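Heads up, the next two complexes both have subunit A, just with different partners, subunit B and then subunit C.
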Partner chain A sequence: MTTKFIGKRVKRNEDPRLLTGQAQFVDDVEIPGMLHAAFLRSDYAHARLLSIDVSEARKRAGVVAVFTAEDMGDDWQPGPPLVSPPPTVKDVIFHSRRQVPLVKDKVRHAGEAIAVVIAESRYIAEDAVEDILVEFEPLEAVIDLEKGLEAGSPLVHDDLESNLAAHLFQKKGDYEAAREKADLVIARRIVVDRGAAAAMENRGIVTDWDKKSQHLTVWDTTQAPIPIRNGLVARLGLSEHKVRVIAPFIGGGFGPKMMMFYPEEMLIPWVSMKLNRPIKWIEDRRENFYATTQERGQIHDVEIALSKDGHILGLKDIFLHDTGAYDPYGLTTPLNTQCHVMGPYDIKNFTSEVSVVFTNKTLVTPVRGAGRPQGIYIIERLLDIAARELGIDLIAIRKRNLIPPDAFPYEHEIIDQAFAPLVLDSGNYWPVMEKALEMVGYDQFIEYEQPRLRAEGKYVGIGVIPFLESTGVGPYEGARVTVEASGKINVATGIGTQGQGHFTSFAQIVAEQLGVAVCDVRIVTGDTAEFHWGTGTFASRGAVVAGNAIHASASIVRQKVLKLASKILKTPEEELELEDGLVRVIDIPHKSISLGELALLANPLRGAVQPGTEPGLEATAYFGPQYGATAFGTHAMILEIDPETMMLEIKRYITVEDCGTVLNPLILEGQIHGGVSMGIGNAYYEKLHFDENGQLLNASFADYLIPSATELPRIEVGHVETQSPLNELGAKGVGEAGTLPVPALFAQAIENALNNRDLEILETPLSPNRLYELLRPNEEKSR
Partner chain B sequence: MKLGGEYTFDGPREDVWELVRDPAVLATCLPGTQSVQKIGDNQYEGEIKVHIGPIVGVFAGRLFVTNEVPPESCTLTVEGKGKVGFLKGIGNIDMIDCGDRKTLMKYTGEVQIGGKIASVGQRLFDTVSKNMIKQGLDKLNEILHERGAIG
Partner chain C sequence: MKPAPFKYYAPTTVEEALTHLAEHGYDAKVLAGGQSLIPMMNFRLVQPSVLVDLNNISELSFINPDENGGLRVGAMARHHQVEVDPLVAIQAPLLHETMPKIATAQIRSRGTFGGSLSHADPSAELVSVNVALDGRFRLRSQNGERWVPAHEFFIGLFTTVLQPDELLVEVALPAMPVRSGWSLMEVARRPHDFALVGVAAVVTLDENRLCQQARMVFLSAGDVPMVAHRAAELLKGQAPTRESIRAAAEIAASEDIDPGGDIHATAEFRCHLANVLARRSLEQAFERAAGNE
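The block that comes next holds the complex of A and B.
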């Protein structure tokens, strides 16, 4: 298909506003009479709340109100469940325990909110928070996943028999039979620890309740404005048309802003209505470390069975998943792990059993990757170990097991986050891997450069990791496309935007259909007053699901445009083209009419129309895929390690992505660059350190290290396109792809660089310090 | 978090013991101490102002002395709470008579911290607490010298 706009390197429509400070973020919203909120949060991770005295805080000048759980009366209710457990898996155990607006009886994680102060300024509110006296009875905290499941462990939720939040078993084929036939069985314990999403912008909410019109407006840093509106309507007893939720420009989502409802998200609108005043709450960075959801903590006891030529016969994975103090997000994350632990490999026999554990830590919900990086880490570590034990090349063992191109659609059989057996829609994996190998110069490096550099005493290593990613999941999104009288196009869709370039890639899709300049397509995202059907921005689905809804709407508008223009220009539709904002007769270019004029004619003020005529050049359409589109990619890296400090220098970093049709390579590369930098943090810098009492010991950017420009390499991006048959655009998602394989890639490249047979990396995140510790017993052994 | 160390006082063990067990003396020694009161047998209550990097806060707390074997050893339990967090510690003190008017104090302990002092201050907490102990013991030794001079 030849395209005019799709697939082109169009500069981003939104950047001039963002770069000149003209874009509105939640904290930019200022309303006359607006009050400010600050929260009292628990210092303890687990404690009974004995008493709370807010009388001094209420007396402080400038304080308007202080609310505790008790003050909320019957309006105090746990948040609604966001995702239910998969009803399609047999014998699933799931105990739903949802976060509360303010702690009533027991604190379940450090940073849980106990009271909210509303004052004339944030300054006063913060001071008043310190006036509140709380008496706690500290309780032993549940931190370790295994100890948490032991009999006699303290309980996060006293009404449950244990800290088991959920249990889920899935299988295909017969692992035990496969194991019997295996030449090699490798069993390992692999541990993945927790990190923060650390978006540049913290969460924030501004609410404005207009009592006279009974209308509530909420500006919220959410990835899901429509579900937030629907939830507020249900809780506050208002009409859907009386609640408008706006998710304006947002400085990064990465998953935690998909969580709903955060306690503050329900509480601040409630308080606004109680006090009949606008209220602003902006989360500070320390709150973000405690009160915004996190991810990745899992312990896997995993076993892989192979033939001696390196074919995977079966895989068995028994793992624990840390859900934190509550589990509103259901089983999405561990289900993703189960679906990705088989990697892009054709594995016929598989058993997976997960136990989800409540702990006295911040809630776990998806963070960019959402369970996928854990699965990928595990299968890739096992293949590295298998290759070593069988004496097979690292690339050869992978190539041997890849799902072949003629196997698509591939029945993966394991139930995924959409509650249906995962089907891999399309793919051609080896050419992607091959391209990454070429780009990084794999053979050249192994044969010549590495021996030469090693002879110079340098610790250089190479890594190559393939991965797949389920993306673009349902249920649906919608969009409305309108040709305005100005000739410009207005598009409204329900998803929110947090930096993905939607204002450009969506505009390209519309421009392609309507023949206008990309900058003449105005996109509105995340405003329920503009479009009020949809779910949200998550699971690498914006471009796939909302993108195809926009494409469908624009196609209908194109038909309307052609039909009307045909009548006016007295020319058959087939002889017309849409170019430069005009509809032209192909053979007589001066015979034309502009889209703006057509839009006016489509909305007559007088006269009669044919019965059944719809006004305007406008259409609303929806898209819901049968199942998600599965993308594929390969990352390759060359690094050098300083053997004294264990600091790394990344010499080359290659990614090759097959995310189907590329809408805009510039935006795609930006997504990949951001994803890789997050992955590098996950792999070698970022780890949240909780002590045995549930205290987070690195809750600031002085201690929690995010890779900065000095740690990040130049990232080279290659593309291969295998279009998805599931949608008109042939698109697959890519928002999370950059992050997924990075920890596995680091482990492989580090082992390769250090070339120490005793070093077997079975954990992530690593750090220079941790790598040094892992090497120490080996050093002692060799002495 | 574990704490531990040794300190040699320039005085006989009985004198050192007497000083350590005097709340009025302790109040003047430990940097930042705003008050110490005896509230019962081997129980004290007080307030101390602590600076840990960017965090400054007053802790109100109690100190319990148990397992007392004068002038040889005792166990100290501290519980403190303030706007910037909480701390809970338990420690053992041993006094060894080295003769020649010298006393060696050995101390070991474990401290739990929570809240802002843990989340933001933990990296500095170790250094700050060691410094505070060192300053406090130096001051005690000074008082010992002064008393010795008078006596």
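The block that comes next holds the complex of A and C.
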């Protein structure tokens, strides 16, 4: 299809505002009479709460109120269950334990909120937090996943028999039979540790309760304002049109801002209504490390069965998944792991069993990648080991096992986060991998470059990792498209925006239909007063689901425009075109009418209309895909490692993405760059260090290392387009894709660089210190 | 992350600052560039009841030559100022080479020479470099002044000989002898992070090209800047060969330092890195010394 706007490198409509500091973020909201909140948070990870004395805090000048769980009375309720386990999986065990607004009886992770102080300023509020006296009975903490499941372990939730939060078994084919026939079986334990999402903007909330109109306005750094509105309505007993939730510009979502119903999200609106005052709470970075959800902790005992020519006969994965102190988000993350541990490979026999474990650590919910990077890491590590043992080239073993292009739609069979067996809608994997190999110069590197550099004493390695990503899941999103009398277009959709470029990519979709300039399409996201049906921005679904809803609405408006213009210009619709904000007669350019004039005519102020006429040039439409679209790609990297200090430098970084129709390459590349940088963090820098008492040892950016401009390579992005048959735009999601293969890529490239040193990497994140530890036994052996 | 309440003074002269320090003693903290103190206050790790802000005292921002070919650096000279000073580039090449390795450009635009030294973080480059360069520190109080050699100034983790009423006002760096070479090497996770281990080396050759003096001072290798005395003894009078350098590096890493372990590096890895860096920095320093005849 030839397009005028879709697929073009259009500069972002929102950037002038963002770059000049004119965009509104939650902390920019100032309301006369506004008070500030600060939380007393537990230093202990696991402790019984014996008593709280807030009397001194209440006496401090400038303090307006202090609330504990007790003070909330019957309004103290755990958060709502957000995602239930899939009812379609047989014999699933799931114990739902949800986060609480303030700790009542027992602290379950360090940083859990115990009391909130409301004061004239944040300074005073923080001073008063130090006035509160709490008596704890410290309890042994559950930190290690395996120990947590042992009999006699302390319990995170005393009413359960063990710390098992959930258990889920899935299979396809017959792994045991496949194993019997195998020439090679490789069994390994692979460990993935925790990191933080570390968005640039922390969480925040401002609430304004207008008692006279009984109306509550909430500005919230949420990725999903509509579910938050619905939840507040239910908790506070207000009607839906009396609660407005606004998610303004947000400095990064990455999953933890999804639709959590964090304690603060439940509490601050409640306090605002109690005190009849506007309240602001802005999470600080230290709070963010303790109180904002995290991800990735899993331990896999995994086994792969292969024939001697490198065909995968079967895969068996038994793993533990750390859910932290509560599990409001259900099984989304481990389900994603189960759906991605087979990678882009055609594996007929598969068994997967996950035990989800409660621990005395911060809650786990999806973080960009959401269980998928773990799956990709595991299968790719196993293939690297298999290739070595079978003496097969790393690329050849992968090519041999890729799902072939004629197998799509491919019945993956494993039940995914949408509760139905995953179907891979479309794909053509090898051309993407081949393009990455070409871009990185694989053959040249292996044959000439690497030996030449090694002779110079340089340790340079290469990695190439293909992957797939389920994206664009339902249930649905909607949008309303309106032609205004000015001729400009207004679009409202329910999802929030956290930097994805929605104000431009969505505008391009509308411009394509209505023939207006991209800058003349104004997009409103994440304001329940503007559009109040939908779920949110997550799971790489914004462009696919909301994008197609916008496309559908714009298409209907186009029909309305053509119908009205046809009548006025006395020309058949098929002889009209929409260009430059006008409807024109093809070949008679001066015979035209502007969209603005049409909008005025569509909304007559006097006179009569035909019965049944709808006013305006406006339409609302929804899009809900039958199932998600599956994107894929390949990353390749060349790195150099100093074999003495273990410091490494990325020399080349290549990604080739296939996410179907590209709406805006500029925005796509930005998404990929961000994803890769997060992946590099996951692979080599970002690890949350909890000690045996559940204390987080690196709760600041001084010690929690996120890659910065000095660590990030120039990223070369290539595109291939295999359109999704599931939606009119042919789009697939890409928001998370950049993160997925990076840890596997690092492991492969490091092993390749140090291929003289018998290194086998079975964990992520890595660090220089960890590499040194892994290599030392080898050095001693060789002495 | 808001600091606890404090009283704030912004004197415009050293005299005035010393008066405040004399009055408030241990309750007062001196605010220079604030690159360590302000985060610590925001974390409420320190809660001084009085802050004496030196930023309005212009008399401490100098970088001057002295009569013996050395250098005088005022305590409030910003890192960036030292980094781009042409005099520093000529007379104190080790210092010149060190400056861009300190933290980030943003921090260097605000952080100060004297602030970094007074804070006495054993991971700070300037702390070890000043010891390596044989710097001398001028401390003033209302009762007078004294000069303290850099290697006697740092007495423990974040601890110096400064009395609560004393202020570090100036650093004197002697001219480097002929046939001297230098090196600063460090390993940091990211270039702007505190180094896992680092070393500042200054070596001098005699007329016969034998090692007259070799001083290595390690950072992030103990509670204070760690001077490699045994390695220095080993090298003295020796030709700087591959073997003698290797032996000195081994000794330095195994006997002269005492690093701790943390989440970024175990003590063992730090010793390993110290060995590697000692070897590489001595090689570079001796090479430069040979070229500086």
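To be clear about the criterion, the second predicted complex is superposed on the first by the 780 of 783 C-alpha atoms of A that agree within 3 Å, B and C clash if a C-alpha of one lies under 4 Å from a C-alpha of the other, contacts with A are read in each partner's own complex, and residues count from 1 in each chain.
Heads up, the rule we're going with is that a residue touches a chain if its C-beta (ideal position, glycine included) is under 8 Å from a C-beta of that chain, and two chains touch if they have at least 3 such contacts.
Just so it is clear, the model here is predicted, and its values are computed rather than measured.
> Looking at A:Asp703 after the superposition, I want to know if it touches subunit B, subunit C, both of them or none. Which is it: first, second, both, neither?
both
> Quick one: is A:Ala110 in contact with subunit B, with subunit C, with both, or with neither? Answer first, second, both or neither.
In the superposed model, A:Ala110 contacts subunit B only, not subunit C.
> Is A:Arg286 contacted by the first partner subunit B, the second partner subunit C, both or neither?
both
> May I ask you to decide whether A:Tyr44 touches subunit B, subunit C, both, or neither, giving the answer as first, second, both or neither?
A:Tyr44 sits against subunit B, while subunit C stays out of touch.
> Is A:Pro768 in contact with subunit B, with subunit C, with both, or with neither (first, second, both, neither)?
second
> A:Met647 contacts which: subunit B (first), subunit C (second), both, neither?
A:Met647 contacts subunit C only, not subunit B.
> Thinking of the overlay built on chain A, is A:Gln695 touched by subunit B (first), by subunit C (second), by both, or by neither?
first
> Can A:Arg122 be said to touch subunit B (first), subunit C (second), both, or neither?
second
> Take the contacts of subunit A with subunit B and those with subunit C, and give the residues found in both.
Touching subunit B in the first complex and subunit C in the second, residues 130, 286, 697-698, 700, 702-703 of subunit A appear in both lists.
> Over in the complex, which subunit C residues touch subunit A? Could you list them?
1-5, 39, 43-44, 187, 189-194, 196, 263-266, 269, 272-273, 276-277
> Touching residues of subunit B toward subunit A in the complex: what are they?
Interface residues on the subunit B side: 83, 85-86, 112-116, 118-120, 122-123.
> Under the stated contact criterion, what part of subunit A meets subunit B in this complex?
43-45, 110, 130, 286, 289-290, 691, 693, 695-700, 702-703
> Quick check on the complex: what are the subunit A residues that touch subunit C?
Touch residues, subunit A against subunit C: 122-123, 126-127, 130, 284-286, 644-645, 647, 685, 689, 697-698, 700, 702-703, 705, 707-708, 710-711, 767-769, 772-773.
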